[in-house]
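Labels for the chains are A, B and C, by order of writing; each one numbers its residues from 1.
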Amino acid sequence: MSAEAREATRGRILPFTVPWESVPWWAIILAIVGIFVGWSVLTSEAYLDALAFIIDGVSLTLQVTIISYLIALVAGLIFGLMRVSDNPIFYAASTLYVEVMRGVPLLVVILYMGFVVTPRVREATGGQIDLQGVPAAIMGIALSYGAYMAEVYRGGIESIEHGQMEAARSLGMNYMQAMRYVILPQAVRRILPPLGNNLISMLKDSSLISVIALNDLLQTGRLYVSRTYRAFEGYNTVALLYLTMTLILSFAVRIVERKAAIE
Amino acid sequence: MNRDPIITIENVYKSFGHVEAVVDVSLDVYPGEVVVIIGPSGGGKSTLLRCINKLETVDAGRIVVDGHSITETKNINRVRAEIGMVFQLFNLFPHLTALENITLAQKVVRKRGEKQAKEIAHEQLVKVGIGDKWDAYPSQLSGGQQQRVAIARALAMEPKIMLFDEPTSALDPEMIKGVLDVMLDLAQEGMTMVVVSHEMGFVRAAADRVALLDHGSLVEVTTPEDLFENPEEERTKEFLSQILH
Amino acid sequence: MRKRTRLLTAAIVLAMFAALGAGCGAPATEAPAEAPTEAPTEVSEEEPTEAPTEEPTEPAAEDEGEAEGLGQVVIGTNAEYPPFEYVDEEGVITGFDVDLMEAIAQEAGFEYEFVNTRWDGIFVALASGEFDAVISAATITEEREEMVDFSDPYFNAGQRIVVQAEETEIEGPEDLAGKRVGVQLGTTGDIWLTDETEAEVVRYDENTLAFQALANGDVDAAVADGPTAVDILQANPEMELEVLPGSYTDEQYGIAVHPDRQDLLQAINQGLAAVEESGQYNEIYDQYFGVE
């Protein structure tokens, strides 16, 4: 045994070290659980039955989540900029939006969109604009999350030192040019983690749209349970499907963060 | 001087809350002149400088640059393009390379094409002595190199006036000379410069006039020779005795 | 995180998943073992009002000597289904089922308490022991009987179709084909619509939401138990809805009881019989369903 090895194993019962640190424990545990669950599912008729029925709900969940997220990203940027603006009207309007949307639970927002806004808008436009169903759900989620995103953007923008804006302005750029070419590129890189986390939160919160009778993953699961009374298999399947989606998204987010950091 | 001043500062006042930073300052700067503003810390030098390109807004008084009234103009951006500024902390854009730092404003403000902007940028980088660092990011450059990129960035806009706000105060001693040499060259080429600095060597070598600012007011404005040999005011003598050791 | 903490956390997480997975292979819906039908105990033999009591309690109230075997009966209900069970303005659980249960408990002589819970999964909760009984306008169905036992039927309700007052196209189940029809998720109305019609079934958490959706025009019709439908309409004339004549599915409501509680089941059936005989049932019925 080399001198270093002897030093490293001093005091131990067994004469070797195991590199605890470099082993990705969480991945191993997840893999073990995944294999265990996978085997249980594939050998259990009840689970296959549940999976076959419930997996139909995944597509609506993904659709609503992705579209709402894209809208919220844009809405967040716009309201975030308004929140840092000197213009009193922009500031007041955006602060009102942020306070209201952050102050009302998402479930209430969705119910409100579905049962108050949708019929009023339908009436007001003589049936031309019908938000019933998916559009109402997307609007609810996007508006609510947009408020949180606005504050994230604002935090990112404010974290950039004033000297950057001063340098840009002193070169003759106007406010919007300075934002676009100097401030925002730096700010966005800093806020990628919270933006990514919001995507994952949104996926889980999308389960709330079941309350306006949309056939998302949760609703489909509940329907299965109400028909077969197999709550255990039913809800286990629902949970596993949500978990699978969020894990995949987590990976994707981490890859994006890593790419941005390298630059 | 028989030409009109290119910068007119007239009875300017500026306070931050209760603190009076600039008190009734009047100063003219002529084309091609190098004016260095010296004085004790907190004396209002930086504030006065930043009023010139409206990074600070004056409370009272008038500032006119190249015929445009800074205090009244509706299009400050256009005027700012004619005034180059170099900051104590460089303020380079960290997400862009040295070259990109210099081409950005050229393209966006002066509306130059990519090719032309790059050519000019390369020229300026060579001029300040770091032509080979064009594709380095600010984080990969030393303080002195960063400041030189900052100077090149300002010069690429072909301004009429250059303002320097303590350009060497944040640099390690061995890098100061490099930057001062660039500034000296610039002065010799006839650029109108207003410099806030403590570097007396630069004052002696390049300044046409020196202005002493203490507690917001202009104490004395003379030539470098007169300043060092025959300072008139008490405060001037005091200040000099403190810094010349 | 330090090495040891990491290891401990890993062990705990692994244990949790193992426990979770332990149930994975076992089917969840085995028919519960039949409880042997015992000879009725003193509980049901004696006449409630005449039994000698040891405690100085009022004869008409809960008689401890009688209800010895039963203890405090926990009754689950989904108090969002007027007029059978709902929460009134003062926050009190009220309704036809509530009044009926009170009468039954009095006749049978046991103490009870109501627990307000979600409809979704209420039978699963009953089967898992969270309650001793459930009274919640629950239709007696074969599938439910696999998990729980039902008392004798105490109400006959059929599903009815509700439409907007100005509706002209929809007159019966055949007309629902291709139309959006709202219903409460998991109810017999839901099942009837799914299996017996060609409607596009839109499932809401509660009947009230389904009816609101109908009033708003989000769905073309709504389906609910007759009495519920009538009750909602009576309470909300401004919705401008109407209940179509015709009742679909023959539905008997029953009180669900945990299969291991045959004693409770007996008590309830006897209490129910007594309530019907004495005319109390009709009183309560008239109170809620008046002139219909």
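Throughout what follows, a residue touches a chain if its C-beta (ideal position, glycine included) is under 8 Å from a C-beta of that chain, and two chains touch if they have at least 3 such contacts.
Keep in mind the model is a prediction, meaning the values are calculated, not measured.
Taken as a contact graph, the chains are arranged in an open line, each linked only to its neighbours along the path.
Here the chain at the heart of the structure, going by C-alpha means, is A. Taking each chain's centre as the mean of its C-alpha atoms, the one that lies farthest from the centre of chain A is B.
Centroids of chain A and chain B (each the mean of its C-alpha atoms) stand 47 Å apart.
Chain B and chain C have centres, each the mean of its CA atoms, that are 82 Å apart.
Taking the mean of the C-alpha atoms as each chain's centre, chain A and chain C sit 38 Å apart. Counting only residues that touch two or more partner chains, chain C has none.
The part of chain A that touches chain B in the complex is made up of residues 163-164, 166-174, 177, 181-182, 185-186, 189, 263. Interface of chain B with chain A (complex): residues 53, 55, 77-78, 80-81, 83-85, 87, 89, 91-95, 104-105, 108-110, 150, 153-154, 157.
Within the complex, the chain C residues that touch chain A are 3, 6-7, 10, 13-14, 17-18, 20-21, 23-25, 27-29, 120-121, 123-124, 143-144, 146-147, 182, 185-186, 190-191, 202-205, 209-210, 212-213, 216-218. Touching chain C in their complex are the following residues of chain A: 20-21, 25-26, 29, 32-33, 36-37, 40-41, 43-44, 46-47, 114-115, 118-119, 122, 132-133, 210-213, 215, 219, 222-223, 225-233, 236.
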